[in-house]
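Some structures to go through are shown next.
Each of the two complexes below includes subunit A, the first together with subunit B, the second together with subunit C.
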Partner chain A sequence: MSGPVPSLDRLPGEPRYWYAGLAVLLVAWPLLFGAFWARIGLGALMWIGLAQSWNMIGGYAGYLDFGHGAYFGIGAFAAAVAMAQFGYPFLVGFGLAILVSTVVAYLVAVPTLRLTGAYFAIATWAFAESIKQAALVTGITGGTFGLSLPRSPETFIGVPVPFEIAETFFYYAMLVLCLATMALTYYLFERHEFGYRVKALRDDQDAAESLGIDTTRVKRQVYVLSCVVAAVFGSVHAWYIVYVHPNDVLAPIITDRMVIMALLGGLGTLTGPIAGGLLVFLLERLSSVFLGSTTFYLPLIGILIMVTVLFAPSGIIGILRGEVDRDDVRKNVKELGEKFDLL
Partner chain B sequence: MVDLGLFTQIVINGLLLGGIYVTIGVGFSLAFGVLEVVDFAVGEYVMVGAFMGAVLAPLFGAEGVFAIPIVLVVFFGVGALIQPLIHHVTTGDRPHPLLMGLVFTFGLATFLRGSVLTIFGPNNQDVPSSLLTGGVTVPGVGTFPVVRTVTAVFGVTALLVFMYYLYRTRGGMAIRAIAEDRTNARLMGININRYQSIAYGAYAALTGSAGVFIGMIFTANPGMGLQYTAFAFFMVVLAGMGYLPGVILAGIVLGLTQSFTAVYISGNLVLLVLFAIIYVVLLVSPAGILGKGEWAT
Partner chain C sequence: MTDDILRTTDLTKRFGALTANDEISISVERGEIRGIIGPNGSGKTTFFNTVTGFYQPDGGSVHFDGEEVTGWEPYRLARRGLGRTFQIVSPFKNMTVRQNMLAVQTDDGRSREEKRDRAEEILEFLEIDHIADNEARGMSGGQQKLLELGRVLMLDPELVMLDEPAAGVNPALELRIMDHIHELNDEGTTFVVIEHDMHVMKTLADSVSVFDSGSHIAQGDFEEVSQDDAVREAYLGGTTAEDDEVPI
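Now for the complex of A and B:
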């Protein structure tokens, strides 16, 4: 860390115009740019929200959950089953998504949170994969045929609503959910005592225990919370894409994206998933548009992760905040060179 | 009614498959012991090994076996050069070094998987072999498929050579010393960079060549890696952390579980069954099935 320290008395005042401008832009986005850009916008908002949900357990609590995508899929299928199999309106499916993901997350949390690090990561990954395999053979999820969701005006709350349920509607739905996720993260993890408990157990579990923190309880709370947030996004996504299939909504790439977004942006920060989410989402879209390859972004992202971890472990936000500067990188390169002294 | 002939055949297949899993599991837990990093790229080494087999086999008259020596050398070299990067990430004054190591290997895995997917596309590739076809039928017992038998023999041989190096040579002693205490090993004059690279290179070479055999038994696919990563972790959880004899038993259990699940339940549900086993093991006996490892934490 070096360079001039930003003076504190300049901080309030000016940025407020930015926030106001940003708020107006976010609200007016689909009205200004039309349905195509509304689709892009709602995709970005969903992924930022999902990256933040992963950041709760992965960044703030330090438990790398590589099965987080399962809850996205569970949410999607809860909504799909309620609407397609039982004919309930979307709101019931939404509630069911929250209920089912809470129960499943708690049952998974009890044994797997006994593990840490890679063992936790792989146990949750195996869980996600087994959920996918189960969804492919179960009748209620439509098995390999998937499920189609109805999308007429009365499927929202049971009685017809006076607006069209299309891109603009889903844009605002994702906007509300994404902002709610951000507000929740800010309040719980940056302001509330809960956040300090979570960070304490991440930094040193034994020390946290000795201070009277019930780490098992806190871990379970964070895990269930982050899983429910992912499921909520999943349920809206299912209704938006109208058709759900285990190979789509339960694909391992969903988890990978969340992890990568949070990581590149900066783990355990409020703004990291926003920066990382936007970057990865745009990179993926641009790679398929300009390079004609839908997979080329994967090796790029792999390299980005490795370089980030090697030279800027606090992510994009760390670089923007000035936590990592040129001297740090130079020192890192020198130390790395010494480790290649193999003969 | 259980068909006894089918039953013994499943046991044979499972045991032979277990032989190659043991190779992966032992290398994996050694890399963990020396570098203190749990390697997320383990399955991707298997995958890249299988693809190297698929690419090299046509050069040797469609014979995948001849690709093995090349895979061994290439993987050793690449592994030896990756090790300093992992070592760098997990040491020094950075926050959460172990988490960072994990994330680094995750990036490596994403890179390998994405590259192979971009270059070769999502389809299966065959690793052909004309030498290793057919099977030897032992009357009253069952058929031993040649490719699986050779694979198991290779796995066990590689394991024995590796163990000999580890327990009967000075280099192996250096590696074990590093696994015990890196700082003290360094104070005793061991070039820890060199021996860590040898250990990681040997692990990568073992895993990559196991990949060629797995490609010959099944097929090579860019998405296959994750499954073998899960298998490696499964073996280590089942064995009990840091307990090598347990890995051997766990590899055999894994091979048997896989072949029994595939026949009696469904080939698509193998991971579901494995997850159920991990779930129970963690709840009942966190130190592995033999109870001799460190607690799984």
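Now for the complex of A and C:
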């Protein structure tokens, strides 16, 4: 396509009215629909934020991080250790999650970002697995027993707060984090020259270097940033769920979900993880609630991934923007048909 | 005393048993357009890659603008004022033309506003400002070449090394590119250009260096090198041509 880049503001009428309406809906959500839907909402917000965090390194920078979920777990355990083992309020755990994830991400970034493609993916996957195994045998993380977090009114900032620490509180906490993640992504990756440099190194690292871009530094910055965002969500999740175990918060499925959400929505786009995150999360949760099946959504997701990769590599957002080339789709359908003797 | 902007001394690059650049010593004077020619596999692009930091040399040194820069990382050299393009054009295809320009990073303390103004100026100069908001992947090959040159100009380089700027470009656009190079050269930018099109080289270069099998075998103006025995040997493979013209 050779025309100007499509604008996101393609909705009928004034975009600001749509944004205002969406803002009102998001703020009023738990008040309008109650605790159950607040829980659904906070889950969706968390997964959208996590998918966006993966999208920073996987989509914008093009580094397929298959160990990203480890940082969600690191954030969860940082908060859990601070609160359960040392009796600190959540805010200290939150700060600790940022600190620990920054240090770990930097230490991991230095050797692994020298690798590319499958090697990077395997190295990060192995890192995540080793973190999980370490958490299972380390005393401070509770080992195979995990850790239970306190959740009384004084566990937020150290003194009692005049509101309940329950679903609504966590919904708003996730809303703030998710909106902050979106705003950060929009500013850094879509508007700031930093984002142009990240995309430049994804498209052609040598060309980027030849234009003054210190690609090693930029890669490390994106990696650390994306990991810290995942850790921040992990820390809030730990407090919300009040119990963390390595098999839950360090499970490989966490990374898998982030990857699937970003891929289905549209890699390297601001809105892709929102679309993909909503689709996957709601499919999973609603099929579980209304159909009583926790696995029904899995084959559906598998089919969706195949269809996306084959026919709409730019994801849902690419389809909405009209970026799917019909000739390519026809060609792929024909090739598939011939391959499986269907045509 | 000459004012050399680029000087390589015994620059050597090996790949296993193959010596791609064998003790190459070249001086490029500030303000000139230096052509580099040679048969395929003679080591021209390796020379570019070694000078611009993409390959670490196995021997010798590189001096740029009076400073030894041997083994510097490419981004440092770029920020220091040594720009280059590649044989295969590589626009950042998922970004707009303007974003391609703004991705360039310099150390000169320019504000974002100044950088944007400079990008507009360059796009206008290269006559691609009308497609500034288009994605680079939709550009024609010639437009991509111009964008690549434009990005390098964002560095405000002292020296630009162009690897086959006219390859795969239609004659009208080729002329435009040549005009831009001449215009920039008149304003003081030095160029080192690899080009297989000898017509382009003849009209563009002030002097020419000839490479063969990893060695620098001749240097002089175009007419001079085309009469050189070693150059004839390299291009004709040792046959004795009746014709005075080297088929280059």
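The rule is simple: the second predicted complex is superposed on the first by the 311 of 343 C-alpha atoms of A that agree within 3 Å, B and C clash if a C-alpha of one lies under 4 Å from a C-alpha of the other, contacts with A are read in each partner's own complex, and residues count from 1 in each chain.
To be clear about the criterion, a residue touches a chain if its C-beta (ideal position, glycine included) is under 8 Å from a C-beta of that chain, and two chains touch if they have at least 3 such contacts.
No experiment lies behind these values; they were computed from the predicted model shown.
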Touch check for A:A208: first (subunit B), second (subunit C), both, or neither? second
On the superposed three-chain arrangement, identify whether subunit B or subunit C touches more subunit A residues. B
Check the residue A:T155 against both partner chains and state whether it touches subunit B (first), subunit C (second), both, or neither. neither
In the superposed arrangement, does A:S101 touch subunit B (first), subunit C (second), both or neither? neither
Which holds for A:S53: it touches subunit B only (first), subunit C only (second), both, or neither? neither
Of the two partner chains, subunit B (first) and subunit C (second), which one does A:T116 touch, if any: first, second, both, or neither? first
Looking at the overlay, what does A:A126 touch: subunit B (first), subunit C (second), both, or neither? first
Determine, under the contact definition given at the top, whether A:P252 touches first (subunit B), second (subunit C), both, or neither. first
Thinking of the overlay built on chain A, is A:K199 touched by subunit B (first), by subunit C (second), by both, or by neither? second
I'd like to know which partner A:E335 touches here: subunit B for first, subunit C for second, both or neither. first
Where on subunit A do subunit B and subunit C both make contact? 202
Which of the residues in subunit C come into contact with subunit A in the complex? 52-54, 73-75, 78-79, 83-86, 90-96, 99-100, 102-107, 112, 115, 133-135, 137-139, 151-152, 154-155
Subunit A residues touching subunit C in their complex are 1-5, 193, 196-197, 199-200, 202-204, 206-215, 268
Partner subunit A, residues of subunit B touching it in the complex: 38, 40, 80-81, 84-85, 87-89, 92, 94-96, 98-100, 102-104, 106-115, 117-118, 191, 193-194, 197, 226, 229-230, 233-234, 236-237, 266, 268-269, 271-272, 274-276, 278-279, 282-283, 286, 296-297
List of subunit A residues in touch with subunit B within their complex: 62, 64, 111-112, 114-119, 121-123, 125-127, 129-130, 133-134, 136-137, 202, 252, 256, 259-260, 263, 267, 293, 295-306, 308-310, 313-314, 332, 335-336, 339-343
